[in-house]
Amino acid sequence: MQLRDLREQVLDANLELVRKGLVLYTFGNASGIDRERGLVAIKPSGVDYERLTVEDLVIVDLSGQILEGTLNPSSDVKTHLLLYREFPSIGGVVHTHSEFATGWAQAGKAIPCYGTTHADYFHGEVPVTRPLTDEEIEADYEFNTGVVIAARFKHLDPLAVPGVLVANHAPFAWGKTAAGAAYNAVVLEYVAKLAFRTVLIKGEAATVSSRLLRKHYERKHGPKATYGQKQGE
Amino acid sequence: MQLRDLREQVLDANLELVRKGLVLYTFGNASGIDRERGLVAIKPSGVDYERLTVEDLVIVDLSGQILEGTLNPSSDVKTHLLLYREFPSIGGVVHTHSEFATGWAQAGKAIPCYGTTHADYFHGEVPVTRPLTDEEIEADYEFNTGVVIAARFKHLDPLAVPGVLVANHAPFAWGKTAAGAAYNAVVLEYVAKLAFRTVLIKGEAATVSSRLLRKHYERKHGPKATYGQKQGE
Amino acid sequence: MQLRDLREQVLDANLELVRKGLVLYTFGNASGIDRERGLVAIKPSGVDYERLTVEDLVIVDLSGQILEGTLNPSSDVKTHLLLYREFPSIGGVVHTHSEFATGWAQAGKAIPCYGTTHADYFHGEVPVTRPLTDEEIEADYEFNTGVVIAARFKHLDPLAVPGVLVANHAPFAWGKTAAGAAYNAVVLEYVAKLAFRTVLIKGEAATVSSRLLRKHYERKHGPKATYGQKQGE
Amino acid sequence: MQLRDLREQVLDANLELVRKGLVLYTFGNASGIDRERGLVAIKPSGVDYERLTVEDLVIVDLSGQILEGTLNPSSDVKTHLLLYREFPSIGGVVHTHSEFATGWAQAGKAIPCYGTTHADYFHGEVPVTRPLTDEEIEADYEFNTGVVIAARFKHLDPLAVPGVLVANHAPFAWGKTAAGAAYNAVVLEYVAKLAFRTVLIKGEAATVSSRLLRKHYERKHGPKATYGQKQGE
């Protein structure tokens, strides 16, 4: 069995989604990539998290060819692979139907940056894609789900905005590693929940100032980060 | 004791409702049918889930005659039996007063298909029945609850839309087996929760396109299913 | 130590509030009465539920005199005692600040009967008291809290409507026993939650018909009850 | 290692935030002060609660100099210190991004006193600060967060109103001890949740009368307190 370390990281990223209440039954999947070898480990399709093992994970290359594994990969594998190809800086991808983020995705609305919890992790709104056209749905649906995400990020840095809402569908999140992707998916759900409460209390809530956004983002990220125990963590 | 396998499946379907937080106290019931013998195993009325055993389950035939069991069957048994008679393709029925689905039922509103989570399991909106008339309530209430459900499904395939909201009451769900019925009841509650969040974020949220509805439904169901490890699961 | 059975029932009623998530810290209290002897066992004030024992419970007579116990009784003891004097049919009283029922109480609105879950336990709306006057607050606050509840029930049967919302405050519930009072407090919170969801989905939701209200109430209560294993339970 | 008692109290206050569901990952921090020695124990920045020990806590003086500890203190340490300097009556400070209180903070709205749960602990609304100016964000952000809190409390007693919402950010709470600060943070979140429900049920809900506010506050605080087992607790 190849890539044991990567498999263990990806397994733990999948289980973190369960621990944090982001998945019902099998509604979600996490993957991670070994950039040097160009290989991705991803959750198999429709397998219960409770009995998921490192051996169950499927290894595919960036073209989607299965190199190791007897199970089918997640039905969303083509979306994951497109994101790895389009966003060279990322090392992990997570997809969930988590409750609040999916509420925003179904409403077709980006999550405005209403506060510093959001600004700590997302440099600006959590964007929403355009809906897929009938042709895109028909032709190669999961691939085209990745296409509309990549199109939305044409002018965005995927590490500064590590997640997106697919319209009428649900969130994808990513990060430098599979663990980071899971962490960002959890934070995205939390930010979606806070924003839901905010708009219900006061629909016309003002978003944070651009200065406050930058301040909080830079406290946690980049050369001037002051949060935590290691610079730039 | 007859039908041990069926009893065990029905017991587990009842307990799944507890594990997933769909029932408070004794507010819910699951049943399953042995189609060859025409016998139904159903939860007894008002018995705590914590002490429910396979022996407690009540065996009735499709006319409602009790064939095995010393306890009264669920007070909703006539609704279950009517559904088994009207929908020959189903093998299990579940009734709950789960929180969000009941919110929609009490509002008298069908749950629109706002996203792919919904489309994965329900081929279109989750319909709502008309209210029962005073005469229907008076004459044979539980039987007539089944009548208004069956009337609502006159032009619907119960396996393509495996659940319904009874107006002013609560949801019923069903499936090919008792386990499938419980699973669909859990998904129905999740879909009701997502739709609640969606309408509060954006009341006029657009529903999914008919093409996206079909695509997601077919990914999980029928000859072209690609989800999971077995075709057509 | 007197009244061990009553003490054990009252202790368990208090703990049921914790098990069902109705209390934060010490925000709540349950009591029970021995009608033959005219003695009430009630939770002491401000004692953590985790370390509450039968010995900690305080025994008072209906005039409020402490007969057994070294701790102060709940600060709401005068409200409990007034309810026992005004409602001779009840055997237990519970007060909580549970999340959804308190939301309705703070809004100063009765909970309309939107569905059969409600109709199963409350024969009509869960009423709300008028606010206390400044004089009532000043003079004998906890006693007068009972006075406004009793005034609201002048034309209601407390066993048919086993709970109330005190305006700007929170719910009280009661029952034939301390266990029944705790059960009704849990159901009241559930009904308040369902109604909250219902009004947010459709503000102008219709309440149940008087016929459906009677049908569901009578399925669970009185000589024609068909729910559960014992008639009239 | 100095100040073992204070360290243990501060550690437990931090863990209480976890037990009560107020923190996700490392989003929160608690501190406590030894007034005689002028020393503060505070959570280190970005350390998981699960592996937090008394040794990890950082000891700083009121000017912010680190006297003991190898880890960086919480990035919010300057806010804590300013509050200790400005509010001589307090002995503990807590900062969280708890779900409902942060919803109100992001909406930029004070939490009105809608009921007695609130009045029991906060003598009037939970106030909200003004937003920080761009200059305040740029110059010394965490210090200036304390400045806008102190400015908002110019005419308020911090022990009578033991918490605040920082606009676009999240709540701070405090108390006579670190344990009291954590307790007040938990109650603030509960009050924020009740108020959220109240405004959704009835946007124009009336707040409690000034007499009821005083009555409930005085039941739990000051020389006339009647709640609990010890006067004036």
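Labels for the chains are A, B, C and D, by order of writing; each one numbers its residues from 1.
Convention: a residue touches a chain if its C-beta (ideal position, glycine included) is under 8 Å from a C-beta of that chain, and two chains touch if they have at least 3 such contacts.
Given the structure is predicted, the values throughout are model-derived calculations rather than measurements.
Novice: Where chain A and chain D touch, do the two copies share over half of their residue numbers, giving same, or under half, giving different?
Specialist: different
Novice: Using mean CA coordinates as chain centres, what's the chain B-chain D distance in Å?
Specialist: Taking the mean C-alpha position of each chain, the two centres sit 46 Å apart.
Novice: How many angstrom between the C-alpha centroids of chain C and chain B?
Specialist: 33
Novice: Residues of chain A touching 2+ other chains?
Specialist: Residues 196, 200 of chain A each touch two or more of the other chains.
Novice: With touch defined as at the top, which chains are paired up in contact here?
Specialist: A-B, A-D, B-C, C-D
Novice: Once bound in the complex, which stretches of chain B touch chain C?
Specialist: 24-27, 44-47, 71-72, 75, 97, 99-100, 102-109, 131-132, 134, 137-138, 141, 168-170, 196, 199-200
Novice: Quick check on the complex: what are the chain B residues that touch chain A?
Specialist: Touch list, chain B to chain A: 114-117, 183, 186-187, 190, 193-198, 200-202, 205-206, 208-209, 211-212, 215, 219, 226-229, 233.
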